[in-house]
Amino acid sequence: MSLEDLKEKLSKVVEPGDMVPRDYEKDGCLLEIKARADQVEAVAKAAREADCFLESITAVDFTNGPQIIYQFNSCTIVSRVLVRVQLSRGESVVSIGSIYDAALWYEREVFELFGIRFDNHPDLRRLLLPEDADFYPLLKDYGKVHAFRSTEEIYGE
Amino acid sequence: MGMIKDIVEGGWSLIAGMWVTIRRIYRPVVTVQYPRECLDMSPAYRGHIEFEQFPETGSHNCVACGTCMRFCPTNVIKVQGEKTHTHSEKRASLYFIDFSHCSLCGLCVVNCPTQTLKFSGEYELAHYSRWDGVIDLIQRLEESA
Amino acid sequence: MAAWQNLVNFLGPDLARIVVGVVGVLALVQVNALFLVWLERKVAAHIQLRIGPKEVGPFGILQSIVDGIKLVGKELITPRHADRKLFMLAPIAVFLPVLVSFVVIPFSERLLIRDMNVGVLLIFAFSTFNVLAVLVGGWASNNKYSLLGAVRAVAQNVAYEIPLLLAVLSVVMWSNSLQMSEIVASQSKVWHVFSMPVATLIFLICATAETNRAPFDIPEAESELVAGFHTEYSGMRFALFFLAEYSNMLIVSAVATTLFFGGWKSPPFLGFLPVPGLIWFFAKTYALIFVTIWVRWTFPRLRFDQLMNFCWKIMIPAALLHLVVYAGIIKIVR
Amino acid sequence: MANEFLEPITEQTFYLNMGPQHPSTHGVLRLFLKLDGEYIVEADPVIGYGHRGHEKMAESHLYEQFLPNSSRMDYLAGLIFNHGYVAAIEKMAGIEVPPRAEYIRVICAELNRISSHLLWFGTYVMDLGGFTPFLYSFDDRENILDILDRVSGSRLTYSYCRFGGVARDVDDEFITATHQFVERLRSRWDDYHNLVTKNVIFIHRAKDVGVINRELALRFGCTGPILRAAGVPYDVRKAEPYSVYSELDFEIPTGTKGDALDRYLVRVQEMEQSLHIIEQALERLPDGAIKAAVPHKVRPPRGDYYFAVESARGAVGFYIVSDGTSYPYRLKARVPSYGNLQVLTEVLPGTLVADTISILGSIDIVVPEVDR
């Protein structure tokens, strides 16, 4: 499966304007997709059909709400796709655990570290932290951090 | 027949394995009986830091600029300097490291502007109390001199 | 009064013999276990390019005595929900059959405690007792690892008992007696290891399995079941299990020596050497033990189902076939 | 039928807590197993006992200050993580690394990979009950540690790669010692194969055990030797060549079935390939500087960046969001063992307790790497 193939599959589920090509040499990924929270499942399905594997799910906390980042990559030809989902505070996302089993743990991790809930997740317990942890350590208002910024300050949009 | 072949081949593989181990019995041992004999440390070995003694001054060159303090990831270093008289250069009067938190990254050594820090070859660093990990580098330098 | 005296007269020499024998056996068992622990550590170390014990005594030979003293000094921990009585009983029960088995082993021509006419039977009857102790210990510990280990031990020992006995049966048929001294006598010309090598191999493999030694140490399987049936045992109770393991090694090696390697007899071509039978006996026994140790430190462990398959699909048919073939041979020869 | 007259058996299964303290969970991993006899019905790996919050630590540390943390995630392949982290920041900040430094990094990283595989080899066979190969492989591994100790000053957590180069130059003694080691390890293969690879007991314990096929590996995001054992020639060193790997010639060993034996063979062949890489790199080792001039505090431009390297266990990725200061805004480490461990939930059910050990060992996890 080539990158073009993946692009074609993805263009069916997101608007072409939301697909931003990235410079691999500079950024380490080839394509960035700005998705809405309700598009995540469709994007994951498209990636799965294009024979990609889920590299990681992570999140970044900004003043204007956390951002979830999904990374898909293919094991035949490098085609790293970054799916960026901007959430408002307290908003939840649909779990893609039914499409990628790897997502089950990544989502649990994001949940416990950022407090982002994943709908339809079969087992949303804490993974790395103790079961009774009532804090979300990677949020920028927890503990010692260097800065707390908005997305504009970093991506300049 | 296949089964008998499997048994014979399997048995042969076991004997080959036993041949490998029995030959080792008379080979020289490779372990070092540590407290009885010690190996030389490699020249690059990174122990905790200590002061370099410069032959020109016979002492360290620490000017207590605090670069090492700021670069230390775990805030291991505490340094204080004083001026002996108004126009003299600042000199370190207190230099403590808490080795028990040190990760031996060497950022202090790399970033030291006067190159007065170096790694020691110390490797027997187990202590009974966590306070034994606190080392006074100035005192250490004086004792070694 | 007369009856009492009669009893003493009747038992007298025999009683003295038994008392001295038991004391001697006890001493032998202890010293042997201490020596074997040291030997095992030393052999393992040299196979692995290490030195092994070296600090206590010359070549570290006193290391196991020091270890023993340490174990005696340790607290005996009983898990909270364990079956206390059985938990205490198991280490004793595992040690008892060891003592009994030594009664019939002929160490040399004269040196045997009791020359029973059912010697072989007695040894194998009591060696089966061993597994009961393991089961009791594993069950009473109230620990899942111990239980799994005990269950494995039972299945394994029951299975391997069969080919073991079948292999011994060939020897018994050949020498026409269950008496240990008779079996030794029957090997004056040819040792059974040369006349029936397959039976010897079967016996040695099964004996390794019976004593739970690697590669058949699945009841203890330290990387799977922590320590198997003796996970919860500490101090002297653990030491007794340990002692029993090494004594069992000595017993099976001694029995193998008696049954297959000519017992206390010297090798035929070395008959001119003025070496007493006792030395020959122990030399052979410890040579066999060395092989067991060597095997242990070479191979990985079998999986449980593979172990059972190996027994039921290879060992038992082979032993049965061997028995039938030898029955025919004996019929023809005699 | 007859069953109607029997007492209904409500519970046939029981739970077994394998770990956090267990001889073969390699660290503080806990496997929560539901057993039916010795057969596993359900498996739930419980992780997080060694969670140190490296990602949170990064947010309050300078880029330089996070450097020692990188090799403490995976203490067995510390140098590769080190390399990955440093290379990520260099790419971000546009730092050119002198070629000599790149070659030294590759040599040391490959040595580190071999040392990790050797340790795995020993512990895997030890999990299966064979104790002796463990000490033989440690004997060889000790040579690597000595070599790396000579250049980096540390035996496990190297912190050897620095922004713009490496911390210390290598000397002739390093080169001869590495050559000697390559020869020594090659001469040891025969013994290893006779002792382990051809051993009938070992083959029985590893063959057809814990089959992870391509489909399963992709669903769980497994990378590294697990994916390669399933027949997928995916190696970050080939797929997205970093450092000087594009100039070096090596093959990606693959398996066919994806069972424990395939994973074993893939790793053993990988060690041989690493030796091959080391030989080439030593031959081409250029002269020159070992460190580019870099500012005391690196300030990568704003934006996000992802960089992947191949560790001994699979694809390691560093996802870094920079806000233009000398502190990372967010640093995420994608670790290979995470996906590799998670696949146990699917692979373990239906196997025996003894197989659990074999599968867990063949997957080669490093728990501090999973926990981070």
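Read from first to last, the chains carry the letters A, B, C and D; within each, the first residue is number 1.
One rule holds in what follows: a contact is a pair of C-beta atoms (placed from the backbone, for glycine too) under 8 Å apart; a residue touches a chain by one contact, two chains touch by 3 or more.
Here the structure is a predicted model, which is why all the values come from computation and not from measurement.
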Apart from chain D, how do the chains cluster through contacts, with nothing moved?
A | B, C
Just tell me the minimum hop count from chain B to chain D, counting one hop per pair of touching chains.
1
Compare the CA centroid of chain A with every other chain's and tell me the farthest one.
C
Could you quickly compare A-D and B-C and let me know which has more C-beta contacts?
A-D
The distance between the C-alpha centres of chain A and chain D, rounded to whole Å, is 25
How far is the middle of chain B from the middle of chain C, if each middle is the mean of its Cα atoms, in Å?
50
When centres are defined as mean Cα positions, the distance from chain A to chain C in whole Å is 63
Roughly how many whole angstrom separate the Cα centroids of chain C and chain D?
44
Shared-interface residues of chain A (touching two or more other chains) are none
Where chain B touches two or more other chains simultaneously, the residues are 14, 17, 20-21, 30
Two or more partner chains touched - positions in chain C
47-50, 297-299
Which chains touch which?
A-D, B-C, B-D, C-D
Contact footprint of chain D on chain A as seen in their complex
26-29, 51, 53-56, 58, 60-61, 69, 71, 75-78, 80, 82, 100-102, 104-106, 113, 126-130, 137-138, 140, 143-147, 149, 153-156
Considering the complex alone, what residue numbers of chain C touch chain D?
44, 47-50, 144-145, 148, 214-215, 217-218, 221-226, 297-306
Over in the complex, which chain C residues touch chain B? Could you list them?
43, 45-51, 54, 294-295, 297-299, 314
Can you check the complex and tell me which residues of chain B touch chain C?
7, 14, 17-18, 20-22, 24-31, 33
Complex contact set, residues of chain D against chain B:
61-62, 64-69, 72, 132, 139, 142, 146, 149-154, 157, 159, 162, 167-168, 191, 194-196, 198-201, 296
